[in-house]
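Just so it is clear, A, B, C, D and E label the chains in written order, and each chain counts residues from 1 on its own.
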Amino acid sequence: MNKNSKRGLDPGSLVYIGLERYQKPGILVYHYDQSGCVKEQLDLDFDWSNFSKKKEKVWITIDGIHDAALISSIGRHFQIDQLTLEDVMNTRSRPKLEINEHYYFACMKALDIKPDLPLVLEQFSILILENVVIGFQEQNGDSFHALRQKLETGSGKVRQSNSFYLAYLMLDTLVDDYLLATENLAKRIEVIESMLTKQIQQHQLKTLLKIRRELFDFKLATDPTREITSLLSKEKETGIRKYFIDLHDHMLFVADQIQFQREIVSNSLDLYHAMSSDKTNQVMRLLTIITTIFVPLTFIVGVYGMNFENLPELQWTNGYYYTWGVMVLITLLQLRWFRKNRWI
Amino acid sequence: MNKNSKRGLDPGSLVYIGLERYQKPGILVYHYDQSGCVKEQLDLDFDWSNFSKKKEKVWITIDGIHDAALISSIGRHFQIDQLTLEDVMNTRSRPKLEINEHYYFACMKALDIKPDLPLVLEQFSILILENVVIGFQEQNGDSFHALRQKLETGSGKVRQSNSFYLAYLMLDTLVDDYLLATENLAKRIEVIESMLTKQIQQHQLKTLLKIRRELFDFKLATDPTREITSLLSKEKETGIRKYFIDLHDHMLFVADQIQFQREIVSNSLDLYHAMSSDKTNQVMRLLTIITTIFVPLTFIVGVYGMNFENLPELQWTNGYYYTWGVMVLITLLQLRWFRKNRWI
Amino acid sequence: MNKNSKRGLDPGSLVYIGLERYQKPGILVYHYDQSGCVKEQLDLDFDWSNFSKKKEKVWITIDGIHDAALISSIGRHFQIDQLTLEDVMNTRSRPKLEINEHYYFACMKALDIKPDLPLVLEQFSILILENVVIGFQEQNGDSFHALRQKLETGSGKVRQSNSFYLAYLMLDTLVDDYLLATENLAKRIEVIESMLTKQIQQHQLKTLLKIRRELFDFKLATDPTREITSLLSKEKETGIRKYFIDLHDHMLFVADQIQFQREIVSNSLDLYHAMSSDKTNQVMRLLTIITTIFVPLTFIVGVYGMNFENLPELQWTNGYYYTWGVMVLITLLQLRWFRKNRWI
Amino acid sequence: MNKNSKRGLDPGSLVYIGLERYQKPGILVYHYDQSGCVKEQLDLDFDWSNFSKKKEKVWITIDGIHDAALISSIGRHFQIDQLTLEDVMNTRSRPKLEINEHYYFACMKALDIKPDLPLVLEQFSILILENVVIGFQEQNGDSFHALRQKLETGSGKVRQSNSFYLAYLMLDTLVDDYLLATENLAKRIEVIESMLTKQIQQHQLKTLLKIRRELFDFKLATDPTREITSLLSKEKETGIRKYFIDLHDHMLFVADQIQFQREIVSNSLDLYHAMSSDKTNQVMRLLTIITTIFVPLTFIVGVYGMNFENLPELQWTNGYYYTWGVMVLITLLQLRWFRKNRWI
Amino acid sequence: MNKNSKRGLDPGSLVYIGLERYQKPGILVYHYDQSGCVKEQLDLDFDWSNFSKKKEKVWITIDGIHDAALISSIGRHFQIDQLTLEDVMNTRSRPKLEINEHYYFACMKALDIKPDLPLVLEQFSILILENVVIGFQEQNGDSFHALRQKLETGSGKVRQSNSFYLAYLMLDTLVDDYLLATENLAKRIEVIESMLTKQIQQHQLKTLLKIRRELFDFKLATDPTREITSLLSKEKETGIRKYFIDLHDHMLFVADQIQFQREIVSNSLDLYHAMSSDKTNQVMRLLTIITTIFVPLTFIVGVYGMNFENLPELQWTNGYYYTWGVMVLITLLQLRWFRKNRWI
């Protein structure tokens, strides 16, 4: 549904905004603590008022944010503000961090990266309550595969740590995807660059402009994310500030990379334009050389094609050969001049 | 009347500044509270000293701000500063928020959006007093149709809430129009973009430059509006800070979108220029190919058009055929060279 | 006299810096209070130690700031710092506000606006003491005509108000001129723009570049002025803060307008360049069409102009007509190709 | 010696960095107070431990900063930090202000201005101690000629005032040179500009680019200087804050001027490019007109130069004249078309 | 190993990120105090739990950061945070300063400078503990040769001073390399610039774009380094603030230089483009001159090549000479016109 369809609705109305999605949302719950981890797949029509933790801590993942009933009932159970839920269902909402009384809410863009293909940005939201973390993603993806394995096998410190640590690991995964994306973009730019040095073609230009646009899109998605990590790196309540400082460093690195690649794209565009005008120059030069050589010669042979009754040279025995001599001489002088001026 | 006509007038002089308007201003009053809602249409010559609320809360809408007498008598009744009233009547005044002792005043730009047409900006002002909200709009429009219905039917929380909530709903409507406008602009840009990839034409360039200008105009109108929402989102007195924070998020999103579309327009302009120079290049190439092939041939046939008495080749039996042979050979060599250099 | 002529002089040396002025400075004094207003024209050699107020408040206007003796004696009488007086006499000094112990000093640029002509910036300085306001202007002008009338007729609140209110009215007049100037610039740009859409000519480019330069000059003059109004709008001592806030809003509007017009000029320059290269393209296309059609035909007629004794086609009865047939055919094919490629 | 030659040296090592200088440094001392002024020229091998003031205040000028022994002994006598002395000897050090316990240190760029020549930047350092001012300049120059005269003749307030006042006068002299330099640059730009309007030549472009570079260099030198004057204008300890505020105003004016001239240079470059492409356009147009007129005519005369035995027009009595008629007609039509399209 | 290979790893996982390195890391330890200095080369499999200082202070250098076991055991011995160690092993981590409870950690880029070659950036990290400094560098280099000599010979103050002083000397060496690098870049740009004034060639453009890219890369590496030196220059705990202030001044100078060289490169690119279009212009002019002269002449000789039976001029005795006369006249007139318009 389109953003403008919200015009006239009450604030906090739960309306999905984004590409139409038809798949049924999935609900995956991990109950865990130091002692172990229990995995549970809930039905879409699960009654959230019956929800109870089986271990001390819980991680809920919702794949698909287009079901207002689901979002609403989760929100009601965990006492989440309506405006926050509205943001969860809006795939276009801007990355931001909200610190409420009993929960943190962050939304940002997750990346779906495929080599040589444009970036696909998806909305990702996370609710951090005491001992409960809820992640919302637009589509069923396996971004957090490694994280799930860690929970299940108990490797790392995730089972022992608080909600913020789990949230940190999720954000870290997303930011690692950003780094990966900058590398993919770098590779695509490099391909164009090495093609440019050989021969320019219009599709290269179009690709460069497309990449420039993607970089700008990426920048718009990551700039407010950097504000999120900056805020988190200053928040003492999380208890794991040093991890968020590290995360913020990565975001700064991502920003540097995006800036750097924008510079390279702009470099390549300059090169394209210069080579294009160079090509025109070469074409012009050939045209001029051919014209400059043959037009005077054509004039000379024209002279002796005239039908004047009294045209003395025509009677000379060697007139024809003299004419050739003059023409060869003119051509040689011209070639020498062209060479001197480095035209040929 | 023109802004400069105010030169020499006292500050606070009530002079309408904007396009000439001839329609009679309309005055619409909603008296409402939790118990119900009464709608009243006032005459232009209504004596405002007789104005009394029929319910606890009142929403007044003035359509048309070019009648100094009307604005002045409203201002007198509600004890509004002259300088504020001056701003109400100035369609060019810059979006801003004024916090006075007993009222808030905000003016911003409302949009009149029609698909595929340039944006039309209109002045919109709002006065927020205790239990009274007065909205001023340049023309009779139905921007707040949905809001009126809510009041009349009692849906939503508007009847129960304070003046700020009503004002918030009005501002929210305007900001939703901004979002809609960015989408319309995006569509218009997309049309040009897809045309560009086929064939470039000068009117595309003109449209792009017109859109770039509209975007800049839009940016100038929304940048100070963002300051308004930022101030409101920090103001605790309103009692509904979280709604204004949400509104401010939308304004940030609008700003991102405008920035993004400016980038895309600039991308399209670059593409236009590149394709235009590419076209010149193609024309030049054709010219050069034709010239390079035929000018030497014309020279050759010119040679044997000379009238020298002693021109041995003319007597050769197959001279004519040899000449053709040489000409075909030269042409083939040239075509091969062109192919090798990817000119044809 | 030139700025550099001050090199080596003591600080506070009263030296006029600006275009040479030959007219005699004029001194106009208004003595006024609630009871009435007395106008007085003083001689250039008036002994300022004898100056006495005839009413409670005084407004002095000095037309011409190139007479060091005059400026010096005024300064001495009113105990103005030498450095301040130095700024009064420097037509190039940057707009600024100085708050001294017993006076405020502001200098800014006044505009001399004539339709369709470049902006002329003149230095304007104002000294605000208790009950005394002294204005210094470069030339005898009637910028404050309306203000004088108000004093004389007693309309408005100026006779009742303090020095700051009179100063505010003067600054307001100057700022209204800025608004007027932006409108004049807008009109001049519009003229060029509408000409551009018909046919481009080099003088349009030159005018655009001239306007761009004027806009930059204007921006340099108004940017520091905005700092003045910003400071005044925060100063509580003036007692009329709300008027200065209003004035500052106008300055922000001026800044927006200048920025907007810079964008439009840059748009127009882009259009100029695009249309210019389009024109070249058209010229090239005509050249290429003519060449492509006639050069092959010229070759063909050249072939049958050869004098070979054995050139069979020449003896054919209809050879001449066949040749024409071939030539017409070639031309038709070319025309079709040009049409298909939308060249003609 | 080159900056990199310091690699591996201890911090505070006194090494001269800059262009090689061979002249002997000069040492000039002014002992002064209200009662009078004594001038003294010291030898290079003067023993600074014997230095004693002959009056209350002292001004020392060192012309030439490449003699480490001299700088070192002065530093030792006046207890100056090694790092400060290192900066004195480094002609590339960035303008800055250091406030130490018993002295102020400022270094900035002095200008050597010659009309129509590029700016030459020289290092200038100043040490301000109680009653002692030491100035270091790269070369023997007479920048402070006027200042010396004031000291000797006792004019102005310099003899009565503290060290900061003397330092202020020196800095004021340097800043006046900056103003002079912006005027010289303005003149050089104006010369190019007026040439541009007549006819463009490549050397104009090169000069413009050279000036742009100088302006950037100048900007880099003055931007940190503005920080110095800003700091000094806030420093109460100097006792002469109002003079430093005035100095800072001048620096702001210099910055405005540099910015303005950068804009004008950029304007001129745009004009150059536009006129250059206009010139190409004219050349192309001439080429196209000539080609379009003569190529068809040449084709026509070629037709009647064919040697077909059966070519009826050749036998017509007035064939030759008819041909001329057709050719004149074609030419007239073409000329009319060119005129209609404003090509000629 | 690639950055993205860290996806899914626990924070603080020690994984080397960078170009593959095969050489064995080297460990060099200097034990020193005022009394002397002992140098020690440790094996890669040295057991760090046995490490003991032989003098009061220790400087450890690790050449090669790709051995997780080594980094890990050093980290364990000196109680360094895992996240810090992770940064040590990441050659792409952004320059930053971390102040922890018992140590300072800084990482930045070291330069490997070779004349006329692109800059090579290497990761350099430094840990500053009480009386222990540990430096990590990517490769075995001799950047700190001079520093080692100072320690061994006891020259300078390094043996007497604290860890921060040693660290300062190391950072100073790196920053001196930055200065050297800007000079090398300046030289490379100068070479291109002087070539450009003679004749432009495409490889010059490519080199300029390459340098522009290097400058941007350099800027990205040094901008965060400036933050490090800024922080250190404010840190009082180091006890040597004045040295770090000096260091920060150098970093500001480096930033100025980079900015200046970016301006010069951009200047050169402008010159390249202008000269390139100038060249096209010359080619066009020659083409036009040749065409304009010879095409009309060819037409004239074509006229008298026609075979009309009745073509009177052909019978004139001097017809041939008259024709030449006309042709010479036309040519002279054209040449004069070209000269007047300064084409030749």
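Here is the rule we go by: a contact is a pair of C-beta atoms (placed from the backbone, for glycine too) under 8 Å apart; a residue touches a chain by one contact, two chains touch by 3 or more.
What you see is a predicted model; the values in this text were computed from it and never measured.
A.B. asks: Looking at the contacts, which chains touch subunit B and subunit E alike?
C.D. replies: Touching subunit B and subunit E alike, sorted by label: A.
A.B. asks: Call it same or different for subunit A and subunit B: same when shared residue numbers make up over half of all numbers used at their interface.
C.D. replies: Answer different: the two copies use largely distinct residue numbers here.
A.B. asks: When the CA atoms of subunit C are placed over those of subunit D, what is the turn angle between 0 and 180 degrees, to the nearest 5?
C.D. replies: A turn of 70 degrees brings the C-alpha atoms of subunit C onto subunit D.
A.B. asks: State, to the nearest whole Å, the distance from the C-alpha centre of subunit A to the C-alpha centre of subunit E.
C.D. replies: The separation of the two C-alpha centroids amounts to 26 Å.
A.B. asks: Based only on mean CA positions, could you tell me how far subunit A sits from subunit C in angstrom?
C.D. replies: The computed centroid separation for subunit A versus subunit C comes out at 43 Å.
A.B. asks: I need the residues of subunit E touching at least two other chains; which ones are they?
C.D. replies: In subunit E, 277, 280, 284, 287, 291, 295, 298, 302, 305-307, 311 touch at least two other chains.
A.B. asks: Thinking of each chain as a vertex joined to the chains it touches, would you call that graph a line, ring, star, complete, or other?
C.D. replies: Looks like a ring, each chain touching just two neighbours.
A.B. asks: Since the chains close into one ring, what order do they take if you set off from subunit C toward subunit D?
C.D. replies: Order of chains in the ring, subunit C then subunit D onward: C, D, E, A, B.
A.B. asks: Which of the residues in subunit E end up touching subunit D in this complex?
C.D. replies: Per the touch definition, subunit E meets subunit D at residues 145-147, 150, 155-157, 168-169, 172-173, 176-177, 179-180, 183, 197, 242-243, 246, 249, 252-253, 256, 259-260, 263-264, 267, 270-271, 274-275, 277-278, 280-281, 284-285, 287-288, 291-292, 295-296, 298-299, 302-303, 305-312, 342.
A.B. asks: Can you list the residues on subunit E that touch subunit A in the complex?
C.D. replies: 2-4, 6-11, 81, 83, 86-87, 92-94, 96, 199, 202, 205-206, 209, 212-213, 216-217, 220, 224, 269, 272-273, 276-277, 279-280, 283-284, 286-287, 290-291, 294-295, 297-298, 301-302, 304-307, 311, 313-320, 323
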